[in-house]
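Here come two complexes built around chain A, the first alongside chain B, the second alongside chain C.
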Partner chain A sequence: MDAALLEQMLLGALLALSVYLPLRCGQLSLATPGFYAVGGYVAALLSTRVAAFAGSGATSPLWALVAEMVLGGILAGLIALAIGGPVLQLRGIYLAIATIALVEILRVLNLNLPFTGGAMGIFAIPQPFEQADGYVLFTLVLLALACWLCQRLEVLRLGRAMAAIRDDELAAASVGIDTPRTKLIAFVASAVLAGVTGALAAHFLNAWNARAGSFDASITTLAFVVFGGSRYWLGPVLGGLVLTALPELLRPVGDLRLILFGSVILLGPLFFPQGLVTAERLRGLGALLGRAPQAP
Partner chain B sequence: MDLIQILVNGLSVGAVYGLFALGYTLVFSVLGVINFAHGAVFTLGAYFTYLLIGGAIGANGLMAGFQLPFALPFWGALPLAGLGAALVALLVERVAFRPLRRRRADPLLALITSLGAGVILVNLIQLLVGAESYAIPTSVLGGLPASFPLLGARVRTVQALLLGVAVLLLALLSLWLEGSRNGRGLQAVAEDPETAQLLGIDSTAMVRLAFGLSGFLAGVAGGLVGLSVSIAGPYFGIGYGLKGLAVLVLGGLGSVPGAVLGGLIVGLAEAFVPADWSGYKDAVSYGFLFLVLLLRPRGLLGRPLPTKV
Partner chain C sequence: MSASSDGIAAAAAPLLQVEGISCRFGGLLALDRVSLELVEGEIFGLIGPNGAGKTTLFNVISGLTTASSGRCLWRGVPTAGLGACRLNRLGIARTFQNLRLFESLSVRENVLVGLHHAARAPLLGALLGHGAFRRHQGRLEARAMELLALLELEALAEQRAGDLPYGDRRRLEIARALATAPRLLLLDEPAAGMNPAEKDDLRQLIGRIRDHYSLTVLIIEHHVPLMMRLCDRLAVLNFGRRIALGSPAEVRRDPLVIEAYLGGSGGGQGSAAGEGR
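Moving on, here comes the complex of A and B:
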C-alpha cells in the first residue's frame, strides 16, 4: 500500500482516539479538529520561523519534531483546561454544539490572526523524514503508545471511573467519583492527543491552514468512532483507518466518490448501530485466538 | 454606514438565520436530535428556485444546459421550491432518521446518518449542476424597484422581502402550532412522544410533518438568499447551517420564537462588526453561543433543562 495513504490512515486513527476519550466518559465533544489545528500551527510556526527547529541539513532534526509535538500537545491541553471547567457542565447535544462553536472560533482566529498566514496558511514546513516510510514508522509507535494507554484505562481506577460516568453520571457521583475532575481529565487528554497529532500532521502535509480544523472534520472524526464502535479503543482505531482510506480507495469512481462516502456514513450506523467492534465480536475474536481479551 | 442601514442589513441576514434555526427547532422538538442535512436542503431550495424561474444550468455537470420549458414568476417559484425542499426533507427523514427510530438506536447516530444524507445531497448537486455559482436576477421581482429609501437610508427590496417573508412565516407557523389540530399534536409529541401516542396522536405522522415544514422553511430561505446574494455553489448552505445551529442554541433548543429572536440578534451583532474586523464576523455568533451556553444553557427563550434524578 502507498505509504502516504497509510500515514493518513494512522493519523485518522489517532484523531479517532482523541474523540473516543471523552466519549468513553459519556461526553460528546467535537472539539478534536480545533485542537488538531492548534497543534499543527505550533509545529508549522516553530519549524518555519525558528532556525534551530528547521535545522540545517536536508531534513529537520527529529528532536525538533518531538519538541513541537510536546509543545503542540501542551498548548492544546492548556486551552482545554481553561475552557473545560465551564464547558463540561453542559450535557449531550449542548456540549456537542459548544465544542462545534469552539472549533469555529479557533478556525476564525487561525484565519485572521496576524501570524498564522491568513487563508493561505503556512507553507514549506520542513521534513524530519526523507520519505513517507519514516512518518509511518514514527506514527505507528505513537499510535501503539496511545492504544496501550487506552488499554491500561480498562484496568485503571481512572478508566473505570470514566466508564461509570458514561453509564450513569449521577450514580457515579453518588459513589464518590469526582465527576467534574474525571471528565476534565478525559477532555484534556483528548486535546493533548489531537494537538500532538496535529504537530505531526503539519510536517507530513508540508503545509497547514485553517481548513485543518473545520466543522466537516468534527463530524468526520465522530464518524470514525461511531463507525468503528465507541465502547472499546479498537473500534475508533479501526474506524479511523477504514474511513480515512475509503475516499482515497474510491478515487477510481471519480465524481461518485463523495456520494458513495456519504452513503457509507449514512448506512453504517443503520446496519452497525454499535459500530464494527462490539463486546460480543471481541469475545468471539478472543475465543478464536484462544484467550480471553480484556474487553468491557 | 449609518445606523438605519446597519439595522436593515442585520435584520435581513438575521431573518435568514431565524428561518434556518426554525427548521432545526421543529425537528429537534419532536426528535431531540439535530438534522445535519438541513443545510443541504436549504441549498436545494435555492437551486429549485433558480430552475423554476427559468434559469439555465451552466456548462458543467450532468444537467449541463438544462432549462425548464417554462419560467415562473418569483412569487410562484419560491413556494414551489419550498415544496420541493420539503419533499427532500421527507426523504431524508425516511432514510436517515426513521430506520434508527424503528430500531430504537442511540439518537446520537442520527447526527452521523443525517450528515451522510447531507454529504450525498451536496455532492449530488455538484454532480448534476457543477460547482459554479448561479445568480437569480433581481428582475424576477417584476416592477419592484431594486431599492427604496427609508428614513434616509437605501434599503434593497430583497432585504425587506427577506424580513417580510420571515415574519410572515413565523406568524403563520405560530398560529398553526397553537390553533390547529395538527399543530397541537406536534406540540404534544414534542412534550412527550409516548403519552401523545397513548392519546391517539400518530407520532410518526407528526415527525414527518415536522420534517416537511422544516424543509419548506429551509427551501424558501434558500430561494430568498439565492436572490439576495446569489448561489455560491453546492456548499453554500453549510455556513448558514452552522450559524443556524448557533442561533438555535442561542434562542433555546425547541423554542419557535427563540429561534427567530436568536436569528435577529446574531444578524444584528454581525452587522455591527466594524469593517476592519470583518474577518472576525463569523466568530461573533459562536462567541455569543458560548457565552449563552455558559450563562444560561437553556438559551434565551428555552425551557429549563430537565434534571435527571
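Moving on, here comes the complex of A and C:
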C-alpha cells in the first residue's frame, strides 16, 4: 500500500472522530467538512502569503505546520462556539439540516471571499515533508493522540455526562448535568479536530479549494461513523480507514467500483446496524486478548 | 424572647413552598392554584386519581415544566426560570414515573452520572490519570457502591441498566437521584408494578433513606394503604385542585376525598381511603 493512500486513510479516520464526538453526546452534526475547510484555508493562506510560514529551504518548517494546525483548530473552534449556542437547541434531524446549511454557507463564503482564490482555490502550498512517509508518521501521532483523548473520555465525568445526554437528555439535566454546556463542548471539540485535520490535509494535498467542505463530504464522513459504529471511538476510526481506502482499492474493477463502494455503504448498516464495532464485539475481542478493554 | 422565637421561626421555615401554581396546556388546566408547604424532614404524600396533575406538579417543582402562574420558593427564594440542572444543584432530585434511566450504561455508571458534581477534578490530572485523580475516582466508585448497597443493587453493578427487571429499575432511579446529594427527593410512583412484599420493603427503604440522609421526601403513589403508613402528611389532588391536606387520619375522613375516590357516590359506606386499615 502506498504512503499517499495510507495518509488519506488516516485523515479519514480523524474526520470520522470529529463526527463521532458530537454523536457520542447524541448530537447528529454534519458540520465536520465545513470546519475541515476552514482549517485548510488557514494553513493554505498562512503558508502561501506569509514568508515566515513558507520557510526558505526545500521544505517549509515543521513549527509552521504545527502553528497552522493550532490556528486552524482555534478558528474552527471559535466559529463552532459562536454558532453552537443557538444551533444546538435543535435536535436530531433538524440539527443535521442546520449543520448542512452551515457547511454550505462556509462553502459559498470560501468561493467568494476576496482572498480565498475563488473556484480555483489556493495552489502550491509548501510541503513540510519531502515524502508522504513524513505525513504518515506525523498523522499517526495526531491520530494516536485523538484516540487517547477519546479513550480517556470513557472514564472522565465529561464522557459519562455525554453518554447520559445521548441516552436521555431530560434525565441528564435532572441529575444536575449542564446539558447545553456539555453539548457545546462536544461540538467545539469536533470543530477543533476537523480544523486541525484540514490544516494538515491542505499541505498534504498541495492545493485547497471550496470543494474540500461540501455536502458530499458531510455524507461521506457520516458514512464512516455509521459503517464503523458510533458507540466507541474504535468504530469511526475503522470506518474512516476502510471507507477511504475502498474506492482506491477497487480501482482494478473499473467503472464498477463506485457501484461496489455504494453497495458496501448500503449493506454495512443492513448487516451491522450498530456498526462494525459494538460493545459486545469489543468485549469478545478483550476476552480473546486476555484483558477487557474499557468498553462503553 | 422574641429573638428566640424568630430563631425558631427561621429554623422551621419551609424547605419548599408551592404558591398558587397553575399550569395550563392549551384548553386543559392541569393544575389549578395549588399550594403546599414542605417542612424539612417530613415525608409528604401526594395522592389523587389519574390525571389529577400530580406528575405535572413534580415537573414544575423540578424545573421541567414552567408554571402558567404562581411560584415555587426554595428556602424562601423563588425558583422561576432556574431549569432542571440548577434546581438539582440546589438540592431537588427526582425519579420518573415512566423510568428514565441511562439504558446503555451499566448500573454502576448510572449512579456515577448522578455523582457528576461530586466528580469535579482538575482537567490535566484527570487526563493523565495520576494518583490524586485515581484516589478521587476510587472514592467516587466507593460512594456509588455504597448507594447501590443501600438499594440492594450491588450484585447488579455491571449489568446494563436497560436489561434490568422493572423493580430493580425503580430502585436504581432512586439510587441515581440520591447520588446527587439532594435535600428534597421527589418520588413519582416508586411502587408501581411491585408486588405487596416489594411494596412493604420499599416503604421501609424510603423511611430508612429519610433517616439516613435526613431528607425531605415528596412522594406520589396510588397505593393508599402504603401512603397512609408512610407519610407524615398528605395532600389530595383532583382535576388539578388540591382538595385536601393534612395527616393521613384527617385525609381519610375528608368527605371530598371519599367522593373523589368513589366518583361522587357521596361518601358514607366503605370509603376508598379507608381501605388503608
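Throughout what follows, the second predicted complex is superposed on the first by the 296 of 296 C-alpha atoms of A that agree within 3 Å, B and C clash if a C-alpha of one lies under 4 Å from a C-alpha of the other, contacts with A are read in each partner's own complex, and residues count from 1 in each chain.
The working rule: contacts are C-beta pairs under 8 Å (C-beta built on N, C-alpha and C of every residue); 3 or more make two chains touch, one makes a residue touch a chain.
Just so it is clear, the structure is predicted and the values come from calculations on it, not from any experiment.
Engineer: Should the superposition on chain A be reported as showing a clash between chain B and chain C, or a fit?
Structural biologist: fit
Engineer: Is A:Pro86 in contact with chain B, with chain C, with both, or with neither (first, second, both, neither)?
Structural biologist: Only chain B; A:Pro86 stays clear of chain C.
Engineer: Can A:Arg152 be said to touch chain B (first), chain C (second), both, or neither?
Structural biologist: In the superposition, A:Arg152 touches chain C alone.
Engineer: Just chain B (first), just chain C (second), both, or neither: which does A:Ala44 touch?
Structural biologist: Neither partner.
Engineer: First (chain B), second (chain C), both or neither: which does A:Leu270 touch?
Structural biologist: A:Leu270: touches chain B, not chain C.
Engineer: Now for A:Leu170: first (chain B), second (chain C), both, or neither, which partner does it touch?
Structural biologist: both
Engineer: Using the touch criterion from the header, give the chain among chain B and chain C with more contacted residues in chain A.
Structural biologist: Higher number of touched chain A residues: B.
Engineer: Report for A:Leu258: first if it touches chain B alone, second if chain C alone, otherwise both or neither.
Structural biologist: After superposing on A, A:Leu258 lies in contact with chain B but is clear of chain C.
Engineer: In the combined three-chain arrangement, what's the angle at chain A toward chain B and chain C (CA centres, steps of 10°)?
Structural biologist: The vertex angle at chain A equals 90 degrees.
Engineer: Can you report the least C-alpha distance between chain B and chain C in the superposed arrangement, rounded to whole Å?
Structural biologist: Superposition on chain A places chain B and chain C at a least C-alpha distance of 8 Å.
Engineer: Would you tell me the residues on chain A in contact with chain B in one complex that are also in contact with chain C in the other?
Structural biologist: 170
Engineer: Please give the residue numbers of chain A that touch chain B in the complex, ascending.
Structural biologist: It is residues 28, 86-87, 89-91, 93-94, 96-98, 100-102, 104-105, 108-109, 111-112, 170, 215-216, 219, 222-223, 226-227, 255-256, 258-259, 261-270, 273 of chain A that touch chain B.
Engineer: Tell me, which parts of chain A touch chain C in their complex?
Structural biologist: 149, 152, 155-157, 160-161, 163-164, 166-168, 170-179, 231, 296
Engineer: Provide the residue numbers of chain B that touch chain A in the complex, in ascending order.
Structural biologist: 32-34, 36, 95-96, 99-100, 103, 105-106, 108-109, 111-113, 115-120, 123-124, 126-127, 238, 242, 245-246, 248-249, 253, 279-280, 282-283, 286-287, 289-290, 293-294, 297, 305, 308-309
Engineer: Touching residues of chain C toward chain A in the complex: what are they?
Structural biologist: It comes out as residues 62-64, 83-85, 88-89, 93-94, 96, 100-105, 109, 112-114, 116-117, 119-121, 126-127, 129, 137, 176-177, 179-180.
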